[in-house]
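Here is the structure we will look at, set down as structure tokens.
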Amino acid sequence: MLLQLSTWQEIETYLERSQGIILPIGSTEQHGPTGLIGTDAICAEAIARGVGEATQTIVAPTINVGMALHHTAFPGTISLRPSTLIQVLKDYLTCLNRSGFNRFFFINGHGGNIATLKAAFAEIYYDLALSLPDAPPIRCRVGNWFMCGSVYKLAKELYGREEGSHATPSEVALTQYLYPDFIKTASLPPKVASGYPIYSATDFRSHYPDGRMGSNPDLATPEQGKQFYERAVKELSSKYLEFLSSD
Amino acid sequence: MLLQLSTWQEIETYLERSQGIILPIGSTEQHGPTGLIGTDAICAEAIARGVGEATQTIVAPTINVGMALHHTAFPGTISLRPSTLIQVLKDYLTCLNRSGFNRFFFINGHGGNIATLKAAFAEIYYDLALSLPDAPPIRCRVGNWFMCGSVYKLAKELYGREEGSHATPSEVALTQYLYPDFIKTASLPPKVASGYPIYSATDFRSHYPDGRMGSNPDLATPEQGKQFYERAVKELSSKYLEFLSSD
Amino acid sequence: MLLQLSTWQEIETYLERSQGIILPIGSTEQHGPTGLIGTDAICAEAIARGVGEATQTIVAPTINVGMALHHTAFPGTISLRPSTLIQVLKDYLTCLNRSGFNRFFFINGHGGNIATLKAAFAEIYYDLALSLPDAPPIRCRVGNWFMCGSVYKLAKELYGREEGSHATPSEVALTQYLYPDFIKTASLPPKVASGYPIYSATDFRSHYPDGRMGSNPDLATPEQGKQFYERAVKELSSKYLEFLSSD
Amino acid sequence: MLLQLSTWQEIETYLERSQGIILPIGSTEQHGPTGLIGTDAICAEAIARGVGEATQTIVAPTINVGMALHHTAFPGTISLRPSTLIQVLKDYLTCLNRSGFNRFFFINGHGGNIATLKAAFAEIYYDLALSLPDAPPIRCRVGNWFMCGSVYKLAKELYGREEGSHATPSEVALTQYLYPDFIKTASLPPKVASGYPIYSATDFRSHYPDGRMGSNPDLATPEQGKQFYERAVKELSSKYLEFLSSD
Amino acid sequence: MLLQLSTWQEIETYLERSQGIILPIGSTEQHGPTGLIGTDAICAEAIARGVGEATQTIVAPTINVGMALHHTAFPGTISLRPSTLIQVLKDYLTCLNRSGFNRFFFINGHGGNIATLKAAFAEIYYDLALSLPDAPPIRCRVGNWFMCGSVYKLAKELYGREEGSHATPSEVALTQYLYPDFIKTASLPPKVASGYPIYSATDFRSHYPDGRMGSNPDLATPEQGKQFYERAVKELSSKYLEFLSSD
Amino acid sequence: MLLQLSTWQEIETYLERSQGIILPIGSTEQHGPTGLIGTDAICAEAIARGVGEATQTIVAPTINVGMALHHTAFPGTISLRPSTLIQVLKDYLTCLNRSGFNRFFFINGHGGNIATLKAAFAEIYYDLALSLPDAPPIRCRVGNWFMCGSVYKLAKELYGREEGSHATPSEVALTQYLYPDFIKTASLPPKVASGYPIYSATDFRSHYPDGRMGSNPDLATPEQGKQFYERAVKELSSKYLEFLSSD
């Protein structure tokens, strides 16, 4: 049930039974020598569609570009500045709220988006309430697929410490499952930097010269990707339904 | 050659031979009772990918949501405000320019985006030049698939005046070709409003109650869509190459 | 009937019979070696006043500085950034709407303003509707004097291809008619660049070194200027009345 | 020496001998039952042109609309919000500075502009210095014609306490001198409110129901206007030259 | 009666008897070789608390950082840009107004804040009225302690022309009274620059190399500081009560 | 070593040995029936000063108002919108960086600030690098006193589940230690809401009617506050030194 593959009259009908919508948000950023630049958007989109099917929920077009400023010293990365992303989210939610949606469930593929999403939600709640004090209040929630308990557990089992925290085998596996024709190989140095905090883009690249953060994406297989996909869809479907029904 | 399916090192290599990139931009807006809400993004994306293949050019992730404020009285429409879209484009191009790209070819699926794109380009040229006066200047161009001479001619031949100007049979045909499983039907009133200028969203809906502007999308077929696709890809590929080589 | 030469009580009285207002908008930018920097504002202002008289309509003070960023590599050019111009227009229209005006007819002297005007209108319609959902909707229209059919036809007859597209003989003629004491002369190279698309200011100046775009303003005379003035006033007066009466 | 009546090449020549420019700034706001809405812009423009002639200085197009939010409860008033005016001034000065101007003398006709002008100057100095740390610093100064010592003295002599502080006989006299065909009459209640501080527009109108603040514009004559004009031009010419030559 | 040392229920109770609040605003900027960087915030805060006690009024937390861009060439200075300060004040007053406060009395310790405060008030009145046209209007007033008549008179008597206009003995005396353990000494050159207008930060420092503007803070004593404190509290208490009771 | 109690020359000297600075940031928001509205700023400020003394580091003036939009349905709360707070932080750090500081350690007293701080840091790194590509990069870190391991452990031991997550006994204890004269009492209902996610301000108040989130601040004593203070100072001093020395 993709918004983009629906007509406005189908949405009108949908809104009679539900005011919830799922919004996939990813990022367009380097993912190490073998990870796809679109990894975060690809994963979020696929899982969001899975959740949409499982829960009979409308899924919005994917927000492909998120907050990845710290990756911009690597070619190919595109990022919004947080101030811009807040405005984008405000515009999205204002429109959708005007349509009648008031429960917004973001399925997120990128840790770097979380802070800005939270900041944006607070600002949107406030600004909408100021301009339309009598409208029914909206609610937003973020579901990070990579932080699902079942996903985390599997990643731990499969990769241990080699999961790392960026360009991880779990996300690479998921993209391999989704795009088997785009599995990349490269000779990865066995030793990979980890543990440095994230500051500026230049700083990031000097500490993480090939883009990976403590990860060994060589461990990834498409079959594992399928497992991650299924676990994330299942867990986030539950979370979405719980969100929708909470008072 | 999709940016999202590449690694950063592949982009680094690409930049040695070309500094051009194609950016599909669409819209998420009502397209009448049988048109998909994602029509403009779907068309732009497909054609951009075709041009990318034909010209061996990197294609960025699609900007799915554009400037469609006048459609926001129909449920399901999502729009950025022009001020926001200008910021989004500035963020995209600043990042990509930092990567090394300096020729930006937007393949656009929505007439309503054109004004804001033009305004944004002027502002981006200026702001980039102020902050980095010595950097090589960037250039942007918009290729509107629906305004290609060969496309326009075919639409005229096939549909005459029933092409209309929104939710047109040509764009509907193209989405039918791309998504044959999502061909929608509805009983369309034979008489459809046309000729009213566009003002506010409320104004728009009162003049165009089912969302169409003078069009008869019932005439569309997937086969025609294929023809539109091929013509647009061919013509925009030429335009892109000419843009790239112009001094 | 200039707003600036009226009292607030005269405006109050005017608003009882009409809610329309004419807003001249020009630009302050180089117009080649013999064109006045204020050409676009001067022409828009004079024609707007003519239309105001012909239609008994209030004319606002001229917006002298518009969107001319691409001319800023020539000394004397002043431009707003599109984001700023959008804010300016929003402030103007919000005030005037609060006064009771709701039909805004911009008489425009500069092609470079059109995109930003369109973008601004969309944003203003939307923002006003969000903040005051129950207020009567406003409508905006742009009348570009240089694109009037009767003007275009005359320019074609008089100058043919030497009309060009910037620092044109038609606009120079109009300023000569309005400011006969400020007719400038210079030895203009017979060969003048044309056909290059517009990118950054530096790019513009390198392609159009004396500021003209394919034009031969030497052909202009004050008498021709008078003809342009009269045609533009007549045609835009009709357009304004039609705008006002449209439902 | 008006910028708008010059060519870019004349400006280029001018900049070789001076980097100073005069910018008239006014307001478009109610001026009581007999004052012109454009009073502040009209006065600033005329005096600026006088100073320009006296000192052989380029005069920019008038900023007709300033900060008059407190007058917006009277029809016909147009105002920028201070945030917008700051951006406008930043855009003006950035362009002009890029041309080579670096001494900006604002001739101001409206007390309500002063605070925002000062705030804008501070922000512009800072932002220009951040983005172009090595460029020669710019300087701005405001010359308020109505606060000139010689003007103030004359107003006191002619009108005493009936000068008031808005819609004053001195400014009305000046517009009568400049626009003798637009002298307005109305039966002015002899008792006029004064002394209330300025808060919101609604507040303002409730305290000053006909728009005047303690003034009796009935006292104004065109001959007095001529005297004000000459005194203001003389005094501001001195101030401009002193500004230009200060180290 | 400090807001920060109250509970929300105490504020709820307070609002039943008064809708007034005192907001101290200072600056964090160089104050010459012996003046504390926090001088303006320290003075404003102490006097605001004194006024709060004398008038039984709630005092908000001090705005420690104001508009001091012209001091930023001296280490330790922190300043907001005027655009930012306007937003900050808008956020403060929108929240407090939502709580029920509608009389805002700023006790200000820094001349450089005045212009931006005034600009902000105008914008806030307008924006609040647009978004909540039916809410009771708010009012703002600035009380500058250093411009109190009684303070000014004492400074004149004690220091004559050596009071100067920045890093003055009067404000230094006040901080000495409040922080006797932080009295600084330095060998101050007897000759101190004065009379230069304020432009950019670099300009400022080149004209005022040690940060003082015409002042001799060596004259300050804690006892004098006590006198200034008492006079300012007394005079601003009267002004606050008058503000509160004005219609 | 408070910035506000230093002279600019002392800061100049300090910068020769260290480029680090501590910035306390709190919030001004309801803290239940017995918690002070300034709790978060009071705690952050006291601990920051302790860390400053322990590590011989300059401490900036406290940012008293943070991101507390979700508390604005309770009177007395003041909050910045995230977009504003990002601008404020950008202005602070740009100034301080220009002074020579490049290691910014925020000691934070409010969970609601964390997301916006993170978003701001990313944007500031990026914007500073764009405008000054050759300047030494800055680094920011947040130290949340209430999330220190040693603090958390003690709170668990003392209060168990009654610690809750807002208006907690630990923070109340700390303010009791710092302001023993402002210990508030109220009859607290033994049953307190907990576990609801945070959405809009109205939503928050309806779920948490007295402002507490699962906490029992009645358990707090000043003596416990002293322990929290000492633990937080010790732990954050270590963290600051580690931050400063990290490469």
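Labels for the chains are A, B, C, D, E and F, by order of writing; each one numbers its residues from 1.
We adopt the following convention: contacts are C-beta pairs under 8 Å (C-beta built on N, C-alpha and C of every residue); 3 or more make two chains touch, one makes a residue touch a chain.
Given the structure is predicted, the values throughout are model-derived calculations rather than measurements.
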item	value
Maximum centroid distance from chain A, chain identifier (CA atoms)	D
Chain D and chain F: spacing of chain centres that average the CA atoms, whole Å	46
Between chain A and chain F, centroid-to-centroid distance (C-alpha), Å	29
Distance from chain D to chain C - Cα centre to Cα centre, in angstrom	24
Numbers and ranges of chain A residues touching at least 2 other chains	72, 81, 83, 131
Chain contact topology (line, ring, star, complete or other)	other
Pairwise chain contacts under the document criterion	A-B, A-C, A-E, A-F, B-C, B-D, B-F, C-D, C-E, D-E, D-F, E-F
Complex contact set, residues of chain A against chain F	67, 69-70, 72, 81-83, 86, 112, 114-123, 125-127, 129, 137-141, 197, 199-203, 246
Chain A contact footprint on chain E (complex, rising order)	94, 131-132
Residues on chain B engaged by chain D in the complex (per definition of touch)	130-131, 133
Footprint of chain B on chain A - complex, ascending	2-12, 15, 28, 30-38, 41-42, 60-65, 72, 74-81, 83-84, 87-88, 90-92, 95-96, 98-100, 179, 182, 184, 186, 211
